[in-house]
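Naming follows writing order (A, B, C and D), and every chain is counted from residue 1.
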Amino acid sequence: MKTLNVGMIGYGFMGRAHSNAFRKVNNFFPLDRQIVLKAACGRDAAKTKSFADTWGYEAIECDWKKLINRDDIDLIDIAAPNNVHAEIAIAAAKAGKMVMCEKPLAMNADEAKTMVKAVEKAKVPNMVWYNYRRIPAVTLAKQLIDEGKLGKIFHYRAKFLQDWTISADVPQGGPGTWRLDVSVAGSGVTGDLLAHCIDTALWLNGGIDKVSAMTETFVKERKHALSGKTQKVGIDDASAFLARFSNGSLATFEATRYARGHKALYTFEINGENASIFWDLHDLHRLQYFDHRDAGYVRGWRSIHVSDGDHPYMKNWWVPGLQIGYEHSFVHQVADFVQGLSDGKPASPTFRDGLATDFVTDAVLKSAKTQKWENVKKA
Amino acid sequence: MKTLNVGMIGYGFMGRAHSNAFRKVNNFFPLDRQIVLKAACGRDAAKTKSFADTWGYEAIECDWKKLINRDDIDLIDIAAPNNVHAEIAIAAAKAGKMVMCEKPLAMNADEAKTMVKAVEKAKVPNMVWYNYRRIPAVTLAKQLIDEGKLGKIFHYRAKFLQDWTISADVPQGGPGTWRLDVSVAGSGVTGDLLAHCIDTALWLNGGIDKVSAMTETFVKERKHALSGKTQKVGIDDASAFLARFSNGSLATFEATRYARGHKALYTFEINGENASIFWDLHDLHRLQYFDHRDAGYVRGWRSIHVSDGDHPYMKNWWVPGLQIGYEHSFVHQVADFVQGLSDGKPASPTFRDGLATDFVTDAVLKSAKTQKWENVKKA
Amino acid sequence: MKTLNVGMIGYGFMGRAHSNAFRKVNNFFPLDRQIVLKAACGRDAAKTKSFADTWGYEAIECDWKKLINRDDIDLIDIAAPNNVHAEIAIAAAKAGKMVMCEKPLAMNADEAKTMVKAVEKAKVPNMVWYNYRRIPAVTLAKQLIDEGKLGKIFHYRAKFLQDWTISADVPQGGPGTWRLDVSVAGSGVTGDLLAHCIDTALWLNGGIDKVSAMTETFVKERKHALSGKTQKVGIDDASAFLARFSNGSLATFEATRYARGHKALYTFEINGENASIFWDLHDLHRLQYFDHRDAGYVRGWRSIHVSDGDHPYMKNWWVPGLQIGYEHSFVHQVADFVQGLSDGKPASPTFRDGLATDFVTDAVLKSAKTQKWENVKKA
Amino acid sequence: MKTLNVGMIGYGFMGRAHSNAFRKVNNFFPLDRQIVLKAACGRDAAKTKSFADTWGYEAIECDWKKLINRDDIDLIDIAAPNNVHAEIAIAAAKAGKMVMCEKPLAMNADEAKTMVKAVEKAKVPNMVWYNYRRIPAVTLAKQLIDEGKLGKIFHYRAKFLQDWTISADVPQGGPGTWRLDVSVAGSGVTGDLLAHCIDTALWLNGGIDKVSAMTETFVKERKHALSGKTQKVGIDDASAFLARFSNGSLATFEATRYARGHKALYTFEINGENASIFWDLHDLHRLQYFDHRDAGYVRGWRSIHVSDGDHPYMKNWWVPGLQIGYEHSFVHQVADFVQGLSDGKPASPTFRDGLATDFVTDAVLKSAKTQKWENVKKA
């Protein structure tokens, strides 16, 4: 069997999630390439070594440029903070490597465009880790929409609610909290959480034409974990927007880290002429489905336990009724990426798809500033 | 319009529930008789007067024999404790009155048989207040079963869980707690709660052949509210049994007043070859329905919000989506009773139906003593 | 006992709901006035007579001006379409009658202001039928907020989703569908559904400063039920807005009649620093409550079955665990109105409270046109 | 780091689940031994080879006796059908290997006793794969009980419902359906599903004194997958029993493969004096908890999303709110087994614990035959 040698950059939360996916995928999906965890890369040698040992990487690097230039690496996976995505991805593309990049693609759409240009010029396979598309229940939603089960779409609503930054004692910057440092993250919940909602929405419901948004920073100052100094918070703590899709449907989107009681409540609902769909990350193995074509007196929202062999990806796991979890969406993404290589059909979301989401988040942040409706550029 | 003059015996919880039903039914259901609240009867004149004033009864009586002998009374409603059901019902039947009787029909099946004999000999319309049959979701369950949607039945399971007697300080006897005094109630949860489960089960799933039961009295002694003396508790605090139905299905039944967290959690589930049904009194306006004939990948338990015009009884209430509550089941029962008079087709459950439930509760209590499987007599 | 003589205008859905409330309230709530259903008023004599007979009104009137001028009427209840609220209410106030008016108060805020002026000048008790405040679970939400359980509020989100006008065959105008005729209804879902959401929100979370809205009319033309002619639809089928409350919290609001699968799904959620609350009209007897002060490992959303004696209004109904329904909110409103008369403390929402909601709906409709953020006037 | 060399027997559903656990555990749990997948063993060389390649076993064996005699194997894992558990386990113990055995431990308690004797005589670490103890929500339930949060226990109820054998076309015997062949499985749902319920119950609620049971075989004959002949079905399709625990609590247990709509609905509920607990395998990441000590008006069942760092095992996985699935319970079991080796404190359930469950299932099957209450032997 051919091998696919992975070079991983980053060893945080996402470094673990991606590594787990690369390590598991051949156990569950019949692919024609064997993934090899070739090298892990991080600035701190000791931590990188420990990470590499835990996950079985054959070697470590402390300079990502060296990693990129190694001949024995086929694919560079960027699991580092947002502010280094572009530089690494462009260099990797130039070096002829396949590139997988954690979301959001870039600090903003302008930067993302340079990344798209680089991978398309180099003709290297590329992908952004919008993993939620591949939760089986979400993939099933896509399937139902593609089959036309919903009919004309009237409404889309999505939200992503967390509560981990309510305390003013949570610092900004540094490991674990770099998402609160605007110079590293680019934005707050807009790029972190709404980006997920938007990627799914564009996939399920097509393009967004325009938005009207508001953002808020509830805690104005936080200590910086690296400098120790209290400084102004530059990110958005909460972000909500109204939107009109190209297909004529109306939408509301909202994300926040101040919704007490929710750890990672990403939900979306789609209302079509004939049927509706609802999904919730906190019970990610279920899809709620209402079909108006059922006889009136037995119509009801169906709670589909998406764990059966005829559900997306599920025949590769256990037996009906036994649920999988969050991490499996990453496994599916690797499986599809590798299958795409074999088929010569790149799996989405590509960098170009990731740019489309960045165009929306840019418009959201702009609208929040101008307090006007803003049009969304198209990728 | 003809009138139907009601004489009500009892002014407790059930006196109120029945009165409310009699008073409301003509507002919502097009019947050919106007209910008139003619007289309320209780031993305590002042309390009876207050009750009569609240509900608009034209008069009061303090002796139920007088009430029964009044010419202007068409129907005697027995909302008094279990130990007086038989005497009153038999006398009322002899006086040619229609009789509605709170459940359970009697202290035991032998007593119930005398009541059945009396009303059938007198040919007076008669009914037992097993109100849960007429929660719209439960009636819908019956409709689905009658339509054959479930196919061959394999399993029936029901439970009725409460938690109001966990404290040893709850007394037995007296108003509000006579259900803990075996001399008044006949039995504990078996006659009080399981009787509801059994009535519904016999209606939905046919006869029960045999049972194996266990009962328990967790708090062995309680103060008597009337005497003030601590005395042995004679009722069953908890009761559970295995059963085999005549149709070949297997069942489990359970009732208790020691299930912390449940106020009145009556649930039943029926599993058929093709479909299953689940209902829960705590969300009484919903019926859960699973239909295996739905396409596999969109199969799921449907949560039917039983509030639409094509659901049983619901076109008489508000608009779709707006739920009704517990009390409405009594209104439906009166509506059906009166409609039965008009149609010449007595509405069930009749006293004979009530006897069938008493045969089961008798077998349950016997099995708990003998520790053997006991056959159930047929009404 | 003193009497309170009611004159009812209208015999549709709301005429029934209000009549039921007036007729039941003395059965369940100890008040010092006995409600008397004195006269029902409608233009169609036969229909009015039938309605009066069903509900026990002593007499009928076919001209509301006559009703208002009867000396034996204490309270005028306006259950007629929106476009006649103002004229009737103002005349009733001038005639010294108490006035209860179905929501929304008026066709717009300007009209509503004249009504507020009239009742305040005449010093007559007045109330708007925003009934959802008095669903016990909603009243409990208010209680928890007033107790300070939530702490600083970050987010409010509400939606009211229906699906009954998706078919283009639903007419506009006429009985049952006048809500689709802008000349009678004033607006579409903004005044009909969002008004409910807004009234609750103002009550629970204080004033709204500004909004950014969008509206849509999905079906552009409908036949008029009275004229039989197809004509342009003037109402909004869907309406959504972002809002900023005076207390610094952010909000999203949405209403539509195009959300397949929802009959009357009014939900709201409030996220505070210490606790959060969620409520859903489709399970109106439950309140979801999350308290961050619970020990971390046993923290969870509590599903409170609001049916116990220590819950608002519930001790007047049945026993713990037995739920009430939609109609009971109207009974509570009458009970509080009458109690307010006795206490000399007018119950809310008064006409002035109703005006506050109209200021918001006016701003919403304006913003949808101007495509700008609009400030909300204060009542 | 020390290694722990695993020899796996069986390559079916459980062979995969165990292999996944062995392969993942060092990625997530800091242990002092590195698991090595040394050899996989099965009778079919080609299939065993394919399995070994998929999972990364270094070698294969086709004779389990050879595997057991290899010096480089530390631990024998038995993932083969029930009828070979005893022979293999006893031989492995004699060879001085640690033994992990899939549940139920044996065909019956007599056989299980010989296995207990063997491992205890050989003093080899041993464990039965009752994996559900280590679903974090179930482990949390144990923790709450051990902390005394529930108080005196009144009720225990458990059920395990499936629907995969309703069709008479499902064969017995052979791969995938050997659980329907009594000569291989020992019993039907009693040993397969109820055994899980019983193991959890003994762990959470202590010993069971006596049981009254019923079983049923709905489909009397099925084709045998290997012989192709239609023959009598010897297993129980459904099994239910009443039980009394040593602590005075009452219980109902039920398992079936004929409950349409349920794939693997294992649920249990425990009602204590002060608190209650409910868990459901179909939403395995949640624990429902009701605490009567909460203030009355905000009491409710808490839906605990068991995904936070202070929940059992969860700090080793992702971030709060992100759920894990079924397979992770096996990972936890390996982690605890290895940690037990390091600590010198064997992790449960040991073979002796597995025997305790077999005593209960024996009593259940006996009671179903004798139609009497049967006492349970103690391990």
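Note that in this section a residue touches a chain if its C-beta (ideal position, glycine included) is under 8 Å from a C-beta of that chain, and two chains touch if they have at least 3 such contacts.
Everything numeric in this text was worked out from a predicted model, so none of it was measured.
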Result of counting contacting C-beta pairs for B-C and A-B, higher pair: B-C
Chain whose average C-alpha position is farthest from chain C's own: D
Centroid spacing, where centroids are CA-atom means, of chain A and chain C in whole angstrom: 42
CA centroid of chain A to CA centroid of chain B, Å: 55
Between chain B and chain C, centroid-to-centroid distance (C-alpha), Å: 36
Two or more partner chains touched - positions in chain A: 262, 301, 305, 308
Sites on chain B touched by chain A in the complex: 140, 143-144, 149, 286-289, 291, 294, 296-305, 308, 310-311
Chain A residues touching chain D - in the complex, by the definition given at the top: 13, 16-17, 19-20, 23-24, 26-27, 54-56, 162, 164, 262-265, 281-285, 305, 307-308, 317-328
Contact footprint of chain C on chain A as seen in their complex: 154-155, 157, 159, 161, 163, 166, 212-214, 216, 218, 238, 240-242, 244, 250, 252, 254, 256, 258-262, 271-276, 290, 292, 301, 371-373
